[in-house]
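Below, subunit A partners subunit B and then partners subunit C, in two separate complexes.
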Partner chain A sequence: MRSVRAFFRQPVAATAFAVAAAIILASVFANVVAPHDPLAQDLRSANALPGAEHWLGADTLGRDICSRLLYGGRITLTGALIAVAVFVALGVPAGLLAGYRRGLFDLVASRVVEVMFAIPVMIIVMVVVSVFSSGVTASMLTIGILGSGSLFRVVRGQTMAAAQELYVKAARSEGLRARSILRRHILPNIWGPVIVQTTLFSAGAILTESGLAFLGFSVQPPAPSWGSMIGEASRYISAHPWQLIPPGVLIGVIVMCLGLIGDGVRDAVSRTDTVRRPGRRAGSRRRGQAGRPAAPAVPAAPAALSRPGAASPDAASRTPASTGAGADPQPDAILSVRGLTVAFGRADSQTVVVQDVSFDVGPGESVGVVGESGSGKTVVARSVIGLLGRGGRVISGQVFFDGQELTALPPAALAKIRGRDIALIPQEPTTTLDPAFTIGKQIAEVVRRHDRRPRAEVRARVIELLSLVGLAEPETLVGRYPHELSGGMAQRVGIALALAGRPRLLIADEPTTALDVTVQQQILDLLRDLQDRLGMAILVVTHDWGVLADLTERAGVMYAGQVVESAPIEDLYHRPLSPYTRALIAANPHNATKGEPLPSIPGQVLAPADWPIGCHFAPRCALATPECSAGPVELRPAEPGHSVRCLHSASAVV
Partner chain B sequence: MIRLLARWLVNSIMLLLVVSGLTFVLVSLAPGDAARTILGQRGTQEQYLALREQLGLDQPLPVRYWDWLRGVLRGDMGESMFSHDPVSRLVADRIGVTIWLVVGALLVIAVVGVALGMASARLKGAIGRCLDALSMVGVSIPNFWFGLVLVTLLSVKLRLFPVTGYVYPAESVSGWLRSLALPVVTLAIGGIAVIAKQARDAISTQLDQEYVLALRGQGISERSIVYRHVLKNAAVPLTTVLGLMLIGLFSGTVLVESIFALPGLGGLVVGATTQHDIPVVEGVALVFALMVVTTNLVVDLLYHVVNPRIRTP
Partner chain C sequence: MTVSEPLVRVEELTVDYPRGRRLPPLRALDRVSVTISQGETLGLVGESGSGKSTLGDAILGFAPAVAGAVYYRGEEILHARPKRRRELTRQIQVIFQNPYGSLNPAKTIGETLAEPLRFHRLAGAAAAREKVAEWLELVGMAPEAMKLYPSEFSGGQRQRIAIARALILEPELVVCDEVVSALDLSVQAQILNLLTSLKERLGVTYLFITHDMAVVEYMSDRIAVLHRGGVVEQGEASRIAANPADPYTQALIAAAPVPDPAVQRQRRRPTRPEPTTRN
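And now, the complex of A and B:
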C-alpha cells in the first residue's frame, strides 16, 4: 500500500495513469461515449476537418473519426490484453519455478529464453498469420509467448535474489512449505518488477497490434482498429493528411502513458523497498569516503616507526602551517596553500568540508597530511589540482604553485599544470587505470601530452618509465590490460603515469591503502627512492603513521576539516600537543598492547553539517571545557616549527 | 576465441532449428493444407489425394521436415505456390534491399543515438531534460506512422524524396541514397530514442569512474577523456543493446518496406502472408533467422574488441 501511495505522489506518473485509464474506459464504454455510429457513412461530411459535428473530423466515407477511434480501441486493447495475459501467465510461474527450484528446469528454460530473444517476432507472427486466419487472437498469443522471455528473466532473477536472503533460507531449512514461502517472502519482492515489465510490454503489444492492423492483419473492414485507421488514412495522405494525425497521436499518447506508468512504478517500488530493507542501500554509496570505518582501524604497514623519521635539519626551522588566510606565500616554497576553504553543494545550501587550511611544501620536500576518514584530507589534496568533482569548489583561500595562484586559473590553464607540474598518484590503483586501454597506450598518451615526440621515442620513454618504477619485463607489460595486473603492479603503473610529465610535485593520496601489507612497503620504498633520484616534492595524504614516518619530514594533522596540529614528524609523533593527535597516535594498531582491546577514539567524526562553532574535537575530547565550545579556536605557534589548534595544549604535553 | 565461436555455433544451430521447426509445426496445424489451397473448391477428391502425394503431404511431419531441411542444405527452399518461382531466387533478389535498410538504420541509430546521449550526459540541465522528453516521444510513437508523416511532409509536400519505390545502387547512387533515406529514418526512430537513453546512462556512469579523475590528474585533455576513454568504455554495454536491437530492426523491415513499397524481404513476406503462400513464408523466416545469426556473430566479435576483460579467461 505504501508503494501505491508513493506511485500516486509522483505527478507525472499519476497523470499518465489518469490519461491511460480515461482512454481505456472510453473505449470500453464506446457505445455510451461515442457521439456517432463508427460505421455510419455520411458522404456530405466526407473528409471533414475537426468541427462541431465531427470533433476529430470524418474519413473519406464520412465516418466520424472520434467514434471510430473509441470503438477501434476495443480491438487494439483486447489484442494487447490477450498478449499481456499470456505474457504474465507464462513468464511469472516459469520464472518463479526456475528461480526457486533451479536445477534442470532452470537450465532448459533459460536456454529456451535465450533462443527466444534471438527470434525476429514479426516474422514468426507473419508465419502464424499466414497459416491461421488473419484475426487478432493468434498473432497476439504469439507475441505474448515470444515476449514472455523478458518477464521470465526478471522474475527468475528476483526470485533467486530473494531466495538467497537469510530469512528465506531459514524458512526453507525449517521445512516451511514452498507455497507459503513463495507467497509470504518471494511474491512481495517480485510484484513491483512484474508490474513494470508488464506495463512496458503492454505498450509494445499495442504498437505491434497497430502495426499488424496497419498491414491488414487484424479485424476485417469496415470495423475500425487504430492501426487499420492509419492504414486507411495512408491512402489519402496527399489530399487529406489530417486523417493520419488522430490515430497516430492516440497510439503515441497511450504508449507513452504506459511507459511513464512503468517508470513511476519502478521509482515507487525502489523507494519503498529501501525503507523496508535499509541494508540494501549501502552498495549505492560512493566508495572511498563514506564506506570506510571512522576510526583508523585499517591495519597500517608493519612499518617504520622504529626507524627515525627522515626529518631534514632545516625542517624544524621552517615556518609551519600557522599563517592565516590571505597571508603571503612562503617565497621559497613550491606549493603554498593559504586559508583554503572548500564547500560542496549548491550555493544556497552549501556544506563547508575544509576550513582555513594552510601549509607549505618546499622544493624536493615531503609533507604529510594525516587524519581519519572524513577529515577532509583528500579534499585538500584534490583541490590543490582543481579536481574536486561535481558540486565542490574553493570558496576562499589560495593555492600558490611556484608563485602562481591556481584557484583563479581557468580550467584549461589548470589542466596544463596537471601531470606536467603537479601529478597525482590515486588511491585505488586498479580502478584508476582505464580498463579499455593497454598499459602501454595509457602511458604513451600521457607522455605525448607532455612532450610531442616521434613514435619510437615515445615508446622508449614508456619502457623507461616502467623500468623506473621497478616493473620487470616492461616490453611485455605494455601490451597488458589493467585487469591482468596485481594491485602492486597497478600502483607502480599509476606512479609511472604520474612521473610521465616529469612533475615537480607529486600528490600521493593514500598511495598504499588498497594494497596488501607486503606490497605496501615496496611501494613506499619505491616512492622514497624515486624522490631521492628525481628530486621532486611529495605531498602525502594518509591515515597511516607508518607511511608518514617513512615518507615525510613534516606533517599536518587534520580533524573535521581543520588542521589541528602541524610539526616535524618526530615532534608530532613523540611530543604531540593536541589531544586529538595523541588520541590518533594511541589508536594506531601498531601501538596496541597485546591482550588489551585496540584503543580507539570514543565517538565518531561529525558530519560536516554538524560541526560546532568552537573546537571541532570538543565533543569527543576528554580535556574539553566550556571555553572550547565558546568560539572558533585558532591555530597558533606553540614552539618554533610546531603549531596547534587547542586551548589546552599546554596540559596536553606529556 | 574458440569458445566464443563454439558457443555461437551451438546457439545458431539451435535458433535455426527452432525457427524452421516452429514454422513447420505451425503450418501443419493449419486447417486444410497446401493441396486444398491450390485446388480451391473445385478439385475432386482424387485430384486432391494425387496432389497431396505429389507435394509429399501424405508423409508424417518429421519426415517432411527432414526432407525440407535436406533441400535447404542443397539451396532448395521449394517454390512459391502461386508464381512457382523458386523461393531461393525470390530471396536472393530481395535480400540486398533489406540488408541495406537494416545496416543503414543501425548506423543512424549508433551515430545519432550516441551523439544525443553524449550531449544529454554532458549538458544535464534543461537540454538534458528536453532530450529525455524527446526520447520518450521517440519510443512511444508507432514508427510506421512516423514514416507516413515523413512521407506526407517531405515527399508529398516538399518533394525532397521519392514517395515510394527503390532505386538500385547500380542505376544511380544518389537516387539509391534518396530512396533509402526516409525508410532508414523510419526504421531507426525508436532505436535512436532507446540508444540515446542507454548511452546517456552509460556515459554518465563512466564519467563518475575513478579513472576519469586519474586521467584529469595526468593532464589528459577533456576531449580525449570523453571521446577516447569514456566512449570506448561506454561502448561495452551499448554493443549488447545494439545487438538486441538489431533483431527488432529485422522485424521492423516488415512494416517499413510495406509503407515505402521497397522490394525487400519484409515486403515479400507480407505479400506471401496475405496470399497464404506458405513455402515463401517458411523460406523468408529461415533467411531472417540466418541474418540474425550472422549479426549475432558480428556483435559478439565486436564485443570482444571493445571489452578486453573478456578476452583473457
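And now, the complex of A and C:
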C-alpha cells in the first residue's frame, strides 16, 4: 500500500514504530528475554543501582527492575490492548453505520455518545474496580467503552463526508450493497483518522492503567505492572530516587512513540490520498501551473539578457533568449511585461512555469490571455500584482506599471499599488467574501483603506459602488451577508470591491467561469459597460474563447508557459498563425460539424518539469520537424501587431 | 412502421429534496416527461438548479421521487425492489462530471474497473484482468494503467477511466452527467470523440446532461431544455439550436458568447444592463 510505504519513509515515525514494536515484543517474550525472575527476591542486592548483575538496578526487595518492567509490560499492555479492542470494536462499526445510514440509529447513537461524554471516566472506573476487583480487565473494558464515543464521532463524520463522494455514488450505480460499499469504498478512505485516534487512545489507555495501578486499583502485589512499580518506587523516592526512573521513562517513551506513530499515519495518509480535489484549478495547480503569457505586441527587442544570477543554470538554459527582458517598456502602455519568467519550488529544485512572457496593455485597453489549464495564464496575472503565493517568484523579466518597475518593489510598496491602481476580480466570488461580515462592512473596509473619510462619506461611497455594478437597492444590500447572495450578485460585489480604489487596471481571472451562462452574460455586459464609463484597462485571463471575443481587443495565446501567439482577436480567430491556436479553435464545438469527429489535439499538456528545450508544442504538433526541437523558438513578429512563436507559421496559413 | 416502446419513458416525474424540518422541501423536478429511444442521444440542457442532474439521478434510482413514473423497456423502475435495482445496474450506468471525485483514491484503476465485473459475477480474477486491459485500450489508455492509482492521472485520463468503468458492463443506457465541463477544450474534444466512437461500436444510448449549448447540439439527436424543474422545450437538436421556440431557450442560446469576435460583436446587447434584482 502506498500509505504504508509513505509511513515508513518518514524517519521519525519509522523510528517510533520500531521502538514501540521492540518494547511490545520484549514484553511479550519476557520469559525469554528477562534476565531474572521478576518475583525473585535477592536482599543482598536490595536497592542496587544499575550494574552488570541488575541492568536497571533492583528494588527494595532486591527484585530485578528490568525483568519486572518486561513482565509488567505484559499486564499494562494487555490492559491497553483490551481497552483499544473495545474502543475499535464499538466505535468503528457504530460510526460507519450511523454515518452511512443516518436516520434513527444515528440519532440514538449520537445521543448515547453525548451522555457518555458527560460521564466522569475515572470515577466510573473506580466504582467498577471496587465492584469487580478482578484486576485490569474490568477497568480497561470500561475505559474502552467510555472512550469509544470519540472514535464513533470521528468515524461517523468521516463516513458522512466519504458517502457524498462521487465514487460512492458510482459504486451504488454499479449495484453494490451498502455492506460492500462500506467495506470496499468508505473504510479504506477513512482508516487514516481511525488509526490516529486509536494510537492516541492506546497511549491514553496506558497512562490510565498506570494511574490506576499507582493508586492500587490494578494487579495485586507482588505481580508487577508499570504503574504499580511507580507506586512502589514513589514510597522510597527520597532514599532511592533511581527506582522511579526506569518505569517512568518507559511509560513516557511508549506514549511518545504512539503519538509519533499517529502523526506519521496522518501525514502518510494525507500525502497519498488527499491529493485529489476537483476541477480545473486543482489539476493545473498540481501540475505546477504552466504559464500563461499575455499579448506581446511590441516587436521583439534584440535578444537581451535575463538578469544573470537570478536564474538557476537550469532555468537559464530553458529560457529562450528572452525576447523582451531588459527592453524598455512601451512608453504609452499602462502595463508592460517584459520577458517575465516565473518559477516555483526551492532554488535548487525549481520548476519554471512561465517563460519569457512579454505584453503591453494600453490605458483603457482590454487585453486577453487565453490558454488551457497548465498554460500559466493565472501565474502571469498573479505575478503582475505580486501575489504568486508561497514558493513562487519572478526569476527574470520586468513588470512596468505606469513606468514603475514592480518586481523589484518591496512588498509594502507593492501592496499600496495593489487594490488602488491595480485590482483583481477573483474567480470564485463567493469564496473570497468573508461570511462573517456584511457586504457593507467588507466594502467599507476597502474604501477606508484607500481614502480615509468620515463614516457618512464612506457609506455613500459604498452605496455608489454597489449601484455602479448594477445592484438594485444598495441601501438594503449593505446589511446582507455573502451567503444571502446569488452567484451573479456575489460576483458584482467582488467587482465593486475591486473598483473601490478606482483602479486604472483591472485584472479579471476567469471572471465568469463559476457562473451560469445567463448570469455570465450580465457580468460580461457589466465589465464592458464599466470599462466604457470608467476608462479602466482590463486584463482578462480565460480559457473561454467566447469570453475573449466578447471582452477583449487583443489577446495572447499561452501554451505550456509561453505566449505562442499574440494578435488583435479578429486576426487571432480568423487567421491564426500558430498550429496550437488553430487546433484549439478547431476543437471548439461551436465550429463542429455534427456527425464528424471534432478535431482534437493528440496527447496532453506536459508538466512544466518535462517541457522540452525547443518548441513546447512540438510533441503534439502535426507540423513539427527536427528543427522545432533543436533549440528555443522565439516569439517573432509575423506582421504588424501579430507575433507568433513557430518555425512553420508560414506554412500554417493555408 | 410500428411505434415501439422507447428505452426510457419518464412520465410526470416530480422530485422533492427535503430541506430539514423548518423549510418546505425543494422541488427539483415538477411533472417532467421525456422519452429516450434506443440508440439515440438525448441532450438535457439547463443552468444550475434546473433539475437536469436530478433527472439523471432519478433514472439511476438516486432521487427522492414523490410522484410520476420511470419506465425502462416498459417496466416501471422508480419503485423497483433493491434486488431488481441491482440487476438494472448492468443496463443503466453513469459517468460523472468530476473525474477527480468519481474514482476511489484508495484503489488502483484495475481494482476500480474490475469491481463491477466481479460484483455481477461476470468474470473471475484472470478474465476480469483481461477485460480491464481490453477496455483501457478501448478508451485510449495503456493497460499498465491498471496498476496505478487515480492521483497519477490527469483530468482527461481519469475521465477516460470513468468512461471505461461505466461501459465495461456494456450497458444499454449511460447517463453522462456534465462529463466534459471540468476539461480543457482540447481534451474535451478527445472525450467527446471517444464517447461518439464507443456509441457507434456498442450501440449504447446516452442521456447527455450539460449546461453547454454548443456541446449538447454537437452530441445530441434530440434536446430537452430544462428550466426551474420543468421541460420548457424538447425536439430535434438541429431545430432547437437553429430555431428555438421557447423564450428561455432563446435566452440561453443568446447568452453564451460565441468564439468568433465579429459575430459576438453583433450579438452583444447594448451596454448599461438592467439592475438585477434576482437573489
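A few remarks follow.
Keep this in mind: the second predicted complex is superposed on the first by the 351 of 654 C-alpha atoms of A that agree within 3 Å, B and C clash if a C-alpha of one lies under 4 Å from a C-alpha of the other, contacts with A are read in each partner's own complex, and residues count from 1 in each chain.
One rule holds for everything that comes next: a contact is a pair of C-beta atoms (placed from the backbone, for glycine too) under 8 Å apart; a residue touches a chain by one contact, two chains touch by 3 or more.
Values in this document were obtained by computation on a predicted structure and should not be read as measured data.
Judged by the touch definition given at the top, the superposed model places A:345 against neither subunit B nor subunit C. Look at A:435: by the touch rule set out above, it reaches subunit B but stays clear of subunit C. Touch criterion not met for A:62: it reaches neither subunit B nor subunit C. In the superposed model, A:176 lies in contact with subunit C only, and not with subunit B. In the superposition on chain A, contact is made by A:543 with subunit C only, not with subunit B.
Of the two partner chains, both subunit B and subunit C are touched by A:484. In the superposition on chain A, A:115 makes contact with subunit B only, while subunit C stays out of contact range. In the superposed pair of complexes, A:637 makes contact with neither subunit B nor subunit C.
In the superposition on chain A, the residues of subunit A contacting both subunit B and subunit C are 484. Only residues 2, 165-167, 169-177, 180, 184-185, 188-189, 272-273, 275-280, 282-283, 287, 372-373, 467, 470-473, 484-486, 488-489, 492, 516-518, 520-522, 524-526, 528-529, 532, 543-550, 569-570, 573-574, 583-585, 587-592, 594, 597-602, 604-605 of subunit A touch subunit C when the two sit together in their complex. Against subunit B, the residues of subunit A that register as touching in their complex are 111, 114-115, 117-124, 126-132, 203, 207, 210-211, 214-217, 227, 230, 233-234, 237-238, 241, 244, 247-248, 251-253, 255-256, 259-260, 385, 387, 389, 415-420, 423-424, 426-428, 431-438, 445-446, 449-450, 481, 483-484, 494, 497-498, 500-501. By the touch criterion given at the top, residues 47-48, 60, 62, 85-90, 92-94, 96, 98, 100-107, 112, 115-116, 119-120, 149-151, 154-157, 162, 165, 169, 182, 184-190, 192-193, 196-197, 211-215, 217-218, 237-238, 251-252, 254-265, 268-269, 271-279 of subunit C touch subunit A in their complex. On the subunit B side of its complex with subunit A, the touching residues are 11, 14-15, 18-19, 22-23, 26-27, 29-30, 136-137, 139-142, 144-146, 148-149, 151-152, 156, 209-211, 213-222, 224, 228-229, 232-233, 236, 244, 247-248, 250-252, 254-255, 258-259, 269-270, 272-274, 276-278, 281-282, 284-285, 288-289, 292-293, 296, 306-309, 311-312.
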